[in-house]
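To keep things simple, chains are lettered A, B, C, D and E as they appear, and every chain counts its residues starting from 1.
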Amino acid sequence: MLPLVPIVLASLLAGTVATFLAGRWARWVALATSAVFLAEVGGMFLSYSGWPGYNAQSVPGFAESVSYPWIRLPWMQVNFTVGVDGISLVLILLTAILQIATVVYSWKETKNPAAYFGLVSLTCLGSFGVFVALDVLLFFLFWEAVLVPMFFLIGVWRGPRRRYAALKFFVYTHVASIVMLVGLLATVFYSGATSLDFSAVAAAAPGLSPVVQTFLFLALFFGFAVKFPIVPFHTWLPDAHVEAPTGGSVLLAGLLLKLGGYGLIRWAVEVLPAGFLHDRPIVFAAAFVSIAWGSVVSLAQRDLKRMVAFSSINHMGIVLLAIGLDSSLGLLAAVLLMFAHGIVSALLFMSAGTVHHTFGTRDIPAIGGITPATPALATMIMAGALASLGLPALIGFPAEFTALLATWNGLGYLVLLPLGILVVTAAFYIWMMQRMLFGPPRGVPLGIHDVPWWEGVGMGLLVAVTVLFGILPGLLVNVITSSPVKGFPGT
Amino acid sequence: MSLPEIALALLAAVAIVTAASALLVRELVHTILWIGIFFVDLAAIYFLLEAPFLGVLQLGVYAGAVTVLLLFGIMVTRKRIFSREAATGIGVAPLALAALTVVVLATALDELPSGNVPIQAYPPTALSTDLFGAHGPWLLLLGLVMLVSVSGAIWLVREGRE
Amino acid sequence: MTALPLGGFLALSSALLGVGLFGILTRRNFVLLLIAIEIAMNAAILNFVYFAAFAPVPALGLTGQEIAVVLIGFAATEVAVGLAIVLALHRLRGSINVAQATDLNG
Amino acid sequence: MAVGVLIALGESLSPGTYTDVRFTWLHLPAPPPGHPGAFPNGFSLVMGTLVDPLSALMLVVVTVVGFLVMLYSIEYMRKERGLPRYYAELSLFLAAMNGLVLADNLLEFFLFWELVGLCSYFLIGFHYERPAAASAAKEAFLVTRVGDVMFLLGIFLYFAVYGAKGPGLGWAASGFLFVQGNHAFLAGVPAGNPTLLTVAGIMILGGAAGKSAQFPLDVWLPDAMEGPTTVSALIHAATMVAAGVYLLAVTSVFLGFTAFDSLLIVALGGITTFFAATMAVVQPDIKRVIAYSTISQLGYMVLAVGAGFTMVGLYHLFTHAFFKALLFLAAGAVIHAVGTQDLFRMGGLRKRMPLTAAAFAIGGLALAGIPPFAGFWSKDDLLAGVYSTLGSHPAYWPFFLLAFATVFLTGYYIFRAWFLAFSGEPRDPSLHAGHEGPWEMTVPLVILSALAVVAGLFVYLPGFQALLLHGGGVAGIPPVYGTTQLLLSAVGVSLAGGGILVAWALWGSGRIVPTPSAAPAAGMRRVLLARYGIKSAYDWLGATGVYTVARAADFFDRFVIDGAVHGFERAFGDLSERMRRIQTGLVSDYASYVVGGLLVVAALLLVVAPYLVGRFGGG
Amino acid sequence: MSFAGTVGPLVPEVIVLAAALLVFLLDVAGARRRELVGAISIAALAGALLVVLADLGFLPLAALRGLPPSVLNAVPAAGSAPLYTFGSLGLVFQGLFLLAALLVATASLSRASDERGAPIYYGLLLLATLGMLLVALASDLIFLLLAIEVTSLATYVLVGYTRRDARALEAAMKFYIVGALSSTLSFFGASLLFGAYGTTNLYALRAVAGSVGYPVLALLGYGILLAGLAFKTTLVPFHAWAVDVYDGAPHEVSAFLAGGTKKIGVFALFLVFLGPVLYVKAGGGSPFSGAPFDLGPTVQLTLAVLAVVTMTVGNVLALLQAEMKRMLAYSSISQAGYMLIGIAIGTSPALAGATLQVAAHVLMKSGAFLVVAAAAAIGVGPKIVDWQGLGTRRPWLAVAFALMLLSLAGVPLTVGFVSKFVLFSAAVQARGFFVWLAVAGLLNSALSVFYYARVLKVIFFEPAPGPLPARAGDVVGAAGPTPLGAGGIGYGRAVAIGVAAVLIVAIGLYPQPILGPIQSAAAHFVAGGA
């Protein structure tokens, strides 16, 4: 039996290194890397649901799981343990899709392409690692490893204040990671687990006293909340998005934010159930504030990217809410939402990037009526906006629907807040479309071209994914619900 | 008070006064005089403590060699031998720090035996046997220190060719 | 066999250390700094000597005196390096006032 | 169309409910033992089709009107740019509308409901380069979105009412299925929490009000007339706006409303009927007159459904679809011919467009409820039905009276429009000399005219009657035409006729020169044109209220939250600058730090640490 | 014991001493070429390193063992008071010292060829290394302090060895004054301990730590000794000299000071304070009361406070520092705080973590200062802003430097991360208030990210201001006419930087080969050896 996950990791790593060294062939190498990655992940995805006997399980409950000793000290055993379950598999699929879409979208990147594509691959590598890691150290390692390429992606390529934004991003998220690390370590050592493996920690940690768990969960929660990001720890996000190149924004919104959600599910909720239950009021308060804040502030944004960034805060607030519900439906909704938001926000950021280099600005009031000049671009923007506001037949709908239903089941009439905010969310997207896409042309220079083919292919891929899983969410749901957590029946 | 006690009190007083004077006088050559007296005074204390070997060593190394070295240093770095140190204020903070240090150290006096304690005397032969035997590495290290010092000091002092 | 107060010696060495520290903190002439350091060093040596003299076990007392011997040698050697630096500094800057050597700061 | 009609025929031959569950859309398996959770049986959402009398009736409407509008569009839209988009969106709309009608559960219903809303949004904004059209599209989307959100909550609430209580594979496993033989099922289930059920009904009503432009979510529909007239005819008259009524009907059949909900629905219907009609009275825009009339007629249907006469409401929906589509298409022909929508610039078109004039008149008569035109039968049944409930529900009285009074207004406003457009002499010489359109446009007019005449008579077809009587098994047509009902009909027809007469007297007789200012009661007119200020209130709420809050929040976000982050950063920077001053470069200072540190360490070791250790214990 | 008997196991020390003497002899004989004396030094250091590695039990080198296995980690018999012993933790530190010296010696080959004084430079480097090696063996307080002084005196001279650089001489002067003060304090503290316990042997001190006859005297002794040793370790507030000295010294010497000699202070603290830290006696109360007294927690708390203050002040001071070397110096100070955590906790995991942190710091900080040297050689100025655009002009150098900074910041996949991870894991594992120590340490490492990232920002994000000044040779020496190899950096520096960078990543990826021996060495250290 081949260790599939390490093979994927190795192929990604090899591809990344090759991309860095490939000079002007970097984009081809990156494309090949991402294509191979997507194929591998696709295989895993299909085999996961369709061919159970195929999945090795050296860690119970996790498919394709393997474990190699890494650091062996008498008081601490660290293993290179990786494996996937339904939740991580869906997010890995997201990673693979976003990687290839980003590579294709950025096909004609001219500023230091080798570094650019290399960093994109590296970010995806780190995200993949986070999703497969089943060991505290390994998890944290990948978690932090994502920061570095993202730091450079933000800092080198585009916006005028990019250096400041990169620095802010790096420091802010690093502080959070560190608090999270303390929480994880304390969880490990207070629970008496000498192995840092997820299975060992998850087995030992629930035995901790609820009071201890409460504090530990808070530490972990803070660590993940910054990545989410949750208001008021979100201010790094708009800056980072605005200044990052499109590929950076895409990966930032599409992948990095998901790390927070995944981490919370895997390493906090599962590991510290009692602490989670105690801290749920805080989780809910944070979620509600983020939902409302993200949406309302979006309404006031003039910069398209900033608007999408704040809408991310809103969506990730719903994810947090769904996780906080502590129900199988809520968990399902959270994962679906993460996948949906990953695809849709990527699409929106790509559109914003195209808008920026087509019209020279992303200021919403400055341009209008672009549809006749750039119909394809308008279509992409529209598809993204509509998917984001939860239109049926697109991926956002099943996710939001299940999330809201779960919220109703868990919290009753408190569902009114996220429900009401849906109107505001619709409002800022619809308003943006009215101002930018419709009306008489304004700020549309003569002789502009519509979406170039590479960007069109990148965005089109995402639109296709949006529609496919919007119509057939069951493909994702069946994989998610076969995870051995939270009332899912398990494989 | 017994005679040794009176001697100790006197020697101690002289040690403190000479040390302070060495640092406070403005004439640098006077400083050397005071510090020489200080070293001799300490040698006397060693004799009082029935450690004659140390007393002799103190006289030879400190009152002799070190004092000369210091005098040499002053002579080389001053145009006139009797130049005066620029007036520098004593300053409250350094004084307070130094005084506090003494006070802090004095807190240990409480727990020391309050009465007189008899003094042990050691024959110099025992000293040398031990020093060149079991504790030889100390001397080896001292040798290393000297090797380093001498080679380094020579390098620093030797006028380099341009 | 003479008997002397242990505390008195501690008081003396403390006072000498205090004087030495005071000198190190206030003097600006490098040579005076060396002298102040030597005063403090002598306080430490004195400590070894009298603790050796008052030691309850002879073997340990011997150790103290040996240490004193080594330290006397060490202190003298240290002064040599210090003086070498004084000379080098003087040759280069024409001054051995440490208050004038503050180019490195911040 | 053919399929729709066939299904309807089949349904009328054999009334009943046929379902065909196609596939499971989303499935949450039952949890393993030890994790009971909220869904012990798991949870699945399915997509399927369901045909019953309700949907059969709707299907006919959708397919027939859809076909005719498509046909009409060929000529009407010939000169427009972006026709592929138009037809694609229109087709998508029809598909979604059929999906909505055939949905077999609330979720699927909602899914297609959103899709038709999307198509409506696109089609209203078909002329997106016109700011008014873009704005109207946005408004339509957002206002209906408010309703959608309420609908969604209603779904959850119904789920809570029934979802957890059903046996076995019932609701719990299947989500929101419209289960066959639901009445028996519902009868056997204690109706859960009555308050919950009431709120659920209110939420569904909210959804319906958004889609069917009921008060106070009615503002978008008149503005939606920025879309092409064909779109108005199909979506904003015949089908999509009726979906709200259909939702109420489906809900009342399968899920049930409480008495309070019913009263609320009746009240909403009554109020909307009347107020929309008043606003139609002064409109200078031909399409908006019809739009307000649509709102008003939808109010009738809502009223009927609320009063318990579901099938009667749908019957009115059925007839209304034909005559309202007819009115719109006729108005479209006029607009196509003269190039304006302003009634006061038209006039005298009867001579040049006799067919259109006749069609509009037929539509108007049907709308006004003059026998034997279609509207008479359905509206008469409707009013009679509501009247029959007044005994047991005296609270319905005011709304019944409002609805009854509307009959007069209806007759007035629609014929005011007819007289202004078709009678007299042309008033604006700058207009095109209009003429009838080609066959693609006239054929639908003729067909719809025929339907507007005869659709009401279908009720005498035995199959159709059976359909209505058995539809959903709730309530059919009041079986007997007693004296009271006849009297009611007579009064109604008189009122309508009176309205028409007043319209003739004011606008058709030539005694008043038809100008916008010629109407009496200018103050009232201003209020009506301003739509009672509701629209500006919404605009204020959106543009000033919400946007101001958003701006304030943005300010807070940038300067307070992010400012705190910056402040933190600055504080450390200041600290750093300050502390660096201790690094003076003077070696004596460094030595004094050493001595100071020595004292600190001594203090720690001798005093502080022992105290702390003694106080808090070691380790 | 005869001399021959005691010298036997001291193969590495003898090699280094012999090389130093050889270098001096060659100097006298007139053979002063940098390449020659450098090669001798490198060979000697490498040989010594191999022997040490062999002694540590790295299998492929078993033939090189100089140490009889019976000696390693042997606990001296009661009553005997050896001055030095062979503990495996000491050998680990020896290996690290030799590694640092080797890196610096290699890089120093690239110093300007016309610069004079290569023999004295390498000779003193070797003697300083010898002092460090002896520190690692010490089991006697006076032996320890004297060995430290060997290194100290050698480095005083090394800092000022160019003789013509006013800044370097100023640095040497400051270094000397504070150093001499500190050594005086150390001896004074040792004398008080001698008075309190009657011995200077570390084993004996450990054994009798419990029976404190004069607790106040003992605490004063430990306190003053701590102040003296803190000078070498650059703990706040005994750190002030370090910044100026690292700044003013020749870059390679800075690398040696920060990456090498500083660590003898760490190991000295390990040796001296393990005894009191491990001594716990229930009872509480004040040392003045005469009642039984908690020596262990008191010392632990004091060390912990110093550690936190050191980390925090170092980091805060580094935040806005404009000069690269001073920034690195402050960062070095804060890193010392992390190392102090290890001994404050005193468990073998914590000591292992601290030792790994030392190892990491050898690589990171020596490497970083050597990069500074390399950058100076290609004309990059001393201020951080002068480094603009290095990422595009010298990508490999910039990447290596980035690795070192990221490692200093504790970013994963680097040795700096692993060491912090182990150290803070150990702190959390020790529970109690040590968890807060871990929190403080981690928050500090977060704070430190700010200034490391700022440097990365300057190097990679900001465009180069213009072409580098065409200048070969070293900044310190006169402008040499011969351009250096490896892109103006010099092959020696390139090799040293490359080795450091590779090791940073390699150990970061798979620390087990290093961490395993360190852990067992730390366990031996805590269990018995001094």
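Operating definition for what follows: a contact is a pair of C-beta atoms (placed from the backbone, for glycine too) under 8 Å apart; a residue touches a chain by one contact, two chains touch by 3 or more.
All of these numbers come straight from a predicted model, not from anything done at the bench.
Using the contact threshold fixed earlier, the set of chains in contact with both subunit A and subunit C is D, E.
Comparing each chain's Cα centroid with the centroid of every protein Cα atom identifies chain A as the most central. Farthest chain from subunit D (centres taken as the mean of C-alpha atoms): B. Among the inter-chain contacts, the highest number of C-beta pairs connects B-C.
Between the Cα centres of subunit D and subunit E there is a gap of 76 Å.
Work out the mean CA point of subunit C and of subunit E, and you get 26 Å between them. Subunit B and subunit C have CA centres that are 6 Å apart. Per-chain Cα centroids separate subunit A from subunit D by 36 Å. Contact of a single residue of subunit B with at least two other chains is seen at positions 93-94, 97-98, 101, 104-105, 107-108, 112, 135, 138, 141-142, 145, 149, 152-153, 156.
Counting partner chains per residue, subunit D has residues 580, 583, 585, 587-588, 591-592, 595-596, 598, 602, 606 touching two or more of them.
Not a single residue in subunit A touches at least two other chains. Across the assembly, chains come into contact as A-D, A-E, B-C, B-D, B-E, C-D, C-E, D-E.
Of all the residues in subunit D, the ones that touch subunit B in their complex are 588, 592, 595-596, 598-599, 602-603, 606. Of all the residues in subunit B, the ones that touch subunit E in their complex are 104-105, 107-108, 110-112, 133-138, 141-142, 144-145, 147-149, 151-153, 155-156, 160-161.
Touching subunit B in their complex are the following residues of subunit E: 1, 3, 6, 17, 24, 81, 83-84, 116-117, 120, 123-124, 127-128, 130-131, 134, 142-143, 146-147, 149-150, 153-154, 156-157, 160-161, 163-164, 192, 214-217, 220, 288, 290. Of all residues in subunit E, those touching subunit A in their complex are 349, 352, 406, 409, 411-413, 417-418, 421-422, 424-426, 428-429, 431, 435, 438-439, 442-443, 445-446, 449-450, 453-454, 456-457, 460-462, 510-512, 515-516, 519, 523.
Within the complex formed with subunit E, the residues of subunit C that make contact are 10, 13, 17, 20-21, 24, 30, 33-34, 37, 40-41, 43-45, 47-48, 51, 55-57, 60, 63-64, 67, 70-71, 74, 77-78, 81-82, 84-85, 88-89, 92-93, 98, 101-106.
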